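Both of the next two complexes hold subunit A, though its partner changes from subunit B to subunit C.
The block that comes next holds the complex of A and B.
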């Protein structure tokens, strides 16, 4: 007789297992918030400020008082009575802000809600809202983040006393020494990262009922970080977290923007309480553009870059001015989150970044795919290309020279972050190979002197995932946050079914599939046999404070929570099986829906038998076992973090660093300035891929968002603070037809810190913005100003071709040592 | 976005439709709704009655007359134009322009009549109709009927010669001179920001006849001086560029979130040049 061998179970992890949720999502069977409702619900419509900055003189709702079908109204003054100001993340001065759930006394951006109507139908609510008479006294608006810091600028929030909501200096190494020692110093006047949004195709939606009988608040919404939302509004509503039940099923895109859905939820809860009935609100596209939240706009001023004769870049000195818009929503966390990628992909060691954040009369900014790191990485990539261009280095060679090298990992950055793994030179080689780099260099030469110039650009980025929330203490040392985590519950149900409850709020990321794949491998069944309960429900108790789907982390936090829960369940099942089969635990394997003795398949018990032992036949078990084993296993994954040091602004701020290296080939029409993408390649390295096709889908989505942001999309305000493109007629979000073919490849550098080797990768690092700016610069050459704006529609490129740039002259200056 | 309350009717005949349109000064004809419904959602117009004309057979159909002219019903959709056997290969480029309009969903609902009557400066057909010398057949109450040339049809920003209570029935587009072709070129920034349509006939590599219309303006605008300068010009980029250099003189493009008027004026000669060259080389787009 041969020694018993364990049955090789199929390895589901790593396969392109077809997405379990696609059956419903692709056949119109998804259940989104607007598909939901509650008995007796009314429909809410907000009255919004037409002004960017104005004093509210009066709000007259009297015409609605006896209107048939209108249930009630709610205005800022009532909100002030019924609730408290929102908790602020910022320390003073920004933290002195008094922000109620709806505008009181003053409005600070166009589209800010000042009143809300509840009526029997959505149409009636909309029409009734027109009958509310709001009188305003317009005030001068502040729309420019730099001008907002001038001493004579109008102040948005009197209690803050300044338009600078946060300021801090990030200094590492010795930048003054580096600037003195360098052979060349490249100085760039001004760089501007523009304001745009990933515009989820489903706008915000909330159905909320403040139940008078139980004093609980049921919230069906598409909030992508519900427990953050609950933490923000519970104190304001003067209730506990235990009063809430946040739920969601399917969500039509989030990209970070749907973290911003807490304030509306709070005011609608108050409306429900006042009306004594459920409230449904579905945001329109124009409302979403005006009020949903935009990505951060940022200026980089007085950039100085020390460069050695061999092309080694020593560091960066710059002033960054971030534009937060009118309120601090999730901000000023962006003021530290960028420093997760302080040196980007490069081994620079000397930095002084003076970072400040302005309040302006524009829509509040919120996390948007690539949140806060993308802006900084764009600056670094602009620096690399400008340095290469001005000093005559090859853009490929200068990157390879300065990249963190494959044998440097784990690599500690100057601010204490630990880059886990990667192979940037190989990723770049693969990207260049995908586009056939030498061919395009030849075509570029051939096109010289014509009106159709060709440029080749590279974007090197990192997608830092799994935040250490302790970094919030660098912003405000009083904040009681650190670490991160996620919960999951894995359960064997009464008839032996395996089900999983997540703490996440997927918006298309395929969590039901990847969770099922890893559970299937642990329990020896197929992903088909694992039910991952769709959506989020606070009542399932599968959540922690950080729960949600955001910030490139499911592959680490979510999956590790699922693995932990499945392993706990497996241990319980094995213990029961060993007892039932009269074997020792190490003889038991789980395979084909049974627990069985290795090498003796006759001695087996099906999952239903194990379930029976606990749920419906427990008198046969020792009491100790029946009370201890539940087959209902909750696990919280906690990544290994320490709180950072706020004094030195130092610590490991994120657990994983996926990389994206993109290469773009563009054609610039010199007669019109129009840029066309001729070829495009994206190489992603997110370590071990749980489901490669899902990873590739994310790469495509991030590439589309970035390409469109670079060439088509800008939230454009005029000098009065009016948003000029608050709908899809004027704001040019792309469809598939407008996208170039995207060639993809990957490198697999497993993370040593995540157990599975996987890294979060959903956001991408905004690589297309970097690659396309780089390609445009390459096409335009040295005779014109540098590409200093991240947004390059035809007119901007045309103006560059005619000598009009963002800074003085060409916007760049090189100071070299004698003999260099 | 949510519409204000509005009455709706769907008449069975063109006469009933015109009667309905005359029942209120704020009645509007509803064809494919690709523009009008958005206008109503934005509450940019006060409309109290929508007269649905989508099922009127009299507005359907494309006819080729003996003189080579085409008569296209106002209710013909872009998809029907794009797929019409009668228009396939026709040098007037109507099918190609229809096929390039937005996306399949819009093309299956939007109509040529709606496109010209809405008269949004960015709409595809108005400058083409002017360049082709089209005639618009307009019906009014009590059997009134009148013809308006395309050049007189477009009267301003979102306004046409179709008066309250009237309805565009069809459009007649004359045959091109033998050997003439249409060049249709726009610069797109999400939406078209500058557009030129040229109808050109060449003889011995020289331009013998030319019509040039600039679009994306409040009114599609012919450029007679440029047309004259083009006659006798050799079909080379340099010569055509010189002749079209003044294509933007005197026009007043719009400024919006996509581009300033100054920029649009700078690129109008470029699209004009390209449209003329495309036409001279026998093709629809440059």
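The block that comes next holds the complex of A and C.
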């Protein structure tokens, strides 16, 4: 079977089938990692660096030696003996980094673990950790990604020799020609995308047992990409992947951050081996903010935008400086992933982006909902609005003029990505209709001259889904990765039960439900009659190296794996039924739990009868059939990709492009700088929706993350590298009372590449950040500096109102040709 | 008082009497989860902000991470485990299911307890009152849209947001 696949007769697919997962979660019977444990387990607690950058002089654990109930300690020096440094994705110089599972010799961010203690109870582990005496010699930290690249900056990793972990130029078309030809060139000094995290309510957790008898490592955790984690730590632990059994059931939110849960798993496995007993660790909120992982912070410098007199934007020239924090966790993959959406929603053809990534004394960055694309899309949307403001174009019209048009699909971008389908102008119209755009323009006028200004903003984004992992070769041509895929098993069990096992690790995306919907359609039963086994178990479920739940792809990779497995099972069932009923295979249909002859419902065999033929009655069958048919069917969906060309940085990097057009209305209080969202609308186009209600839930969630990030959430470090908001007291994740109502609508542009017409979705493209910045600028007008930061708390907006931006002047300059 | 001191307590949990000896320092949420093996109430923060641990204490919602286990002495405590009787979910739980008001489910038990309490005190809240009533519970998946809708539906009316 080759991709693409589809559900031929959708009865359940496409419906708002209520989720199968809900009952256990609503009644307190979910099984999250902290709800689980192992016999004889101890509780682990980490000792963490209070400094952002320091040499570890000594670690003294002697006070714990005879302490009742304390089982074991582990420090960096021991980890160095027991394991090897982690595999690095980066080529040199970043790839020269020597990163052990725990800090050795030196700490590089506040909260970095330096020791761990195992004790009988949570409280005792914590008390004991306090008694470990660590001496540090503080070093000067560097917390700013631009300063980190200065020649005199303190170096984080001596073996890397520089704080620049990766750099490369992405050049397409002819930007110099475009800048020379353009009627106007708009120059923006500096834009800054801030650091935040989607902060899942459930923090990290691991229960791990390194069983000495079998030399196997059982891991219960909430890792959202466990096989990537296994690939990262197995070489470090000097064992094979087959020694692991990663499991998880319910996961309390992930948003990308829980990809980062591998280093801790590795060190806790070592602790378990040393202690000779299972280890349970539940991260605290404070620890999660310090160490769990943050989204990427990024600077855009010397931005130049060539614009024609009619408002056509030809391209972008810019320097991007990404801030990876202290180690490269999943990075520097973000240094190519942004280019999946190089021109964003627009038909720009000329680019030169000089991209570099800095190491700084801050928590490592990791994928966070909208990973690496939203930073770039934010820059593009800022460009669109700044161009519109400076040159007097209408922000709606300039978007419509430059959007990829409905007739252009499939649209190949300058770097070889293929946008599959969409209707951006229609999506924008729908978003503006939802907020009643003309009404707010009138109210905006009425509010002029008052202290409560109104602004309307638009965010246009793409959510690129189903990565071609070959793009990693653009970062490091030695990497042996390309393509993508997901695995599923569909099985008819002994008494005719239908069960499905997925390679995925959902964190609320409803995979048990949507998988059941498509299997029900294929096998002619109801979703209730399909058991989708909750959770992932490496020893039970099938998987590929890409397995997991991340990067907006389940509707394509996961669902197509399920369809493929169910179709294989159906083919086997039909073959058996034809044999049993004396009919030809094309006469057989599956319906109501039976295989039956079309038009002759009396000639039927129930699923249990088919199961009986294979499992418990095989002497009745020809041996060839009994050996070939298993009723236990595995399928791996493989999307159609070629490896990209690393020299040209060119190729199809993702299979599908869902779009999100958001519209925001804000009120800015000019006396305080406070921004309030008065109205908000999101229009999503992810092609054919398998379960519209679940899709809409994802749209709400992505919108909420962006709105909160734009106005309330920043992981804020001071100049010493101290995180100022390592809990929910100071990190202002919004409650219902602080979140506006989000209106939604949709457009359905089926993807021609996925069989079902569905596109991956869920991450969104950070559209609220773009829409809210756009709305704030719209409210402030053109006399003040440009909105140059993605985070706009009252104090920053207040400063903008009083003429203080990120740089000198208004931060923007327009050079126009004579006569233009 | 020493950190190893223990206290004897007796209280009613989900209709049953619990008699236990607890360390003075043990948080109520840890006692409920680690010692009594409940899985409904969750832990999501260190500061009493997330509300995942919300339970009813003598009929009022409290955050069980902000109390010590010894403070349960003499009280009546109800957790989400007490809501569904004979497998029948309450109207609030049913509405959450029908309106897709939960995704990962981690905040859900606390959210449902707060919603249940809110509707007890105010049987027909406005959308703003619902949002205010759930102020103590953080959800990072839903943007609260469907939660507000579900609570309004459970109260027997549509939202007009």
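Keep in mind that, in the parts below, the second predicted complex is superposed on the first by the 809 of 820 C-alpha atoms of A that agree within 3 Å, B and C clash if a C-alpha of one lies under 4 Å from a C-alpha of the other, contacts with A are read in each partner's own complex, and residues count from 1 in each chain.
Here is the rule we use: a contact is a pair of C-beta atoms (placed from the backbone, for glycine too) under 8 Å apart; a residue touches a chain by one contact, two chains touch by 3 or more.
Everything numeric in this text was worked out from a predicted model, so none of it was measured.
K.L.:
Is A:766 touching the first partner subunit B, the second partner subunit C, both, or neither of them?
P.N.:
Once the two structures are laid over each other on A, A:766 reaches no partner at all.
K.L.:
Would you check which partner chain A:716 touches, where first means subunit B only, second means subunit C only, and both and neither mean what they say?
P.N.:
A:716: touches subunit B, not subunit C.
K.L.:
Looking at the overlay, what does A:646 touch: subunit B (first), subunit C (second), both, or neither?
P.N.:
Neither partner.
K.L.:
Using the touch definition from the top, say if A:757 reaches subunit B (first), subunit C (second), both or neither.
P.N.:
In the superposed model, A:757 contacts neither subunit B nor subunit C.
K.L.:
Between subunit B and subunit C, whom does A:126 touch in the aligned arrangement: first, second, both, or neither?
P.N.:
First partner only, subunit B.
K.L.:
Have a look at where A:794 lands relative to subunit B and subunit C in the superposition and call it first, second, both or neither.
P.N.:
A:794 contacts subunit B only, not subunit C.
K.L.:
May I ask you to decide whether A:42 touches subunit B, subunit C, both, or neither, giving the answer as first, second, both or neither?
P.N.:
neither
K.L.:
In the superposed arrangement, does subunit B or subunit C reach more residues of subunit A?
P.N.:
Here the partner covering more residues of subunit A is C.
K.L.:
Please work out whether A:286 is in contact with subunit B alone, subunit C alone, both, or neither, and reply first, second, both or neither.
P.N.:
In the superposed model, A:286 contacts both subunit B and subunit C.
K.L.:
When the two structures are overlaid on chain A, which partner does A:416 contact: first (subunit B), second (subunit C), both, or neither?
P.N.:
neither
K.L.:
I'd like to check the shared interface: which positions of subunit A are touched by both subunit B and subunit C across the two complexes?
P.N.:
122-123, 127, 284-286, 727, 729, 735, 737
K.L.:
Taking the touch rule as given, give the residues of subunit B at its contact with subunit A in the complex, in rising order.
P.N.:
Touching subunit A: residues 1-5, 38, 42, 103, 187, 189-191, 193, 256-260, 263, 266-267, 270 of subunit B.
K.L.:
With touch defined as at the start, can you tell me which subunit C residues reach subunit A in the complex?
P.N.:
For this pair, the touching residues of subunit C are 3, 23, 25-26, 30, 33-34, 38-47, 49-50, 52, 79-81, 83-84, 89, 93, 96-98, 100, 102-109, 112, 127, 130-132, 134-148, 161.
K.L.:
Where on subunit A does subunit C make contact in their complex?
P.N.:
It is residues 16, 18-19, 21-32, 34-35, 122-123, 127, 198-203, 250-255, 282, 284-286, 507-510, 693-694, 696-697, 700-701, 703-705, 707, 727-729, 733-737, 739, 741-742, 744 of subunit A that touch subunit C.
K.L.:
What residues on subunit A touch subunit B, complex-wise?
P.N.:
Residues in contact with subunit B: 122-123, 126-127, 284-286, 671-672, 674, 712, 714, 716, 724-725, 727, 729-732, 735, 737, 793-795, 798-799.
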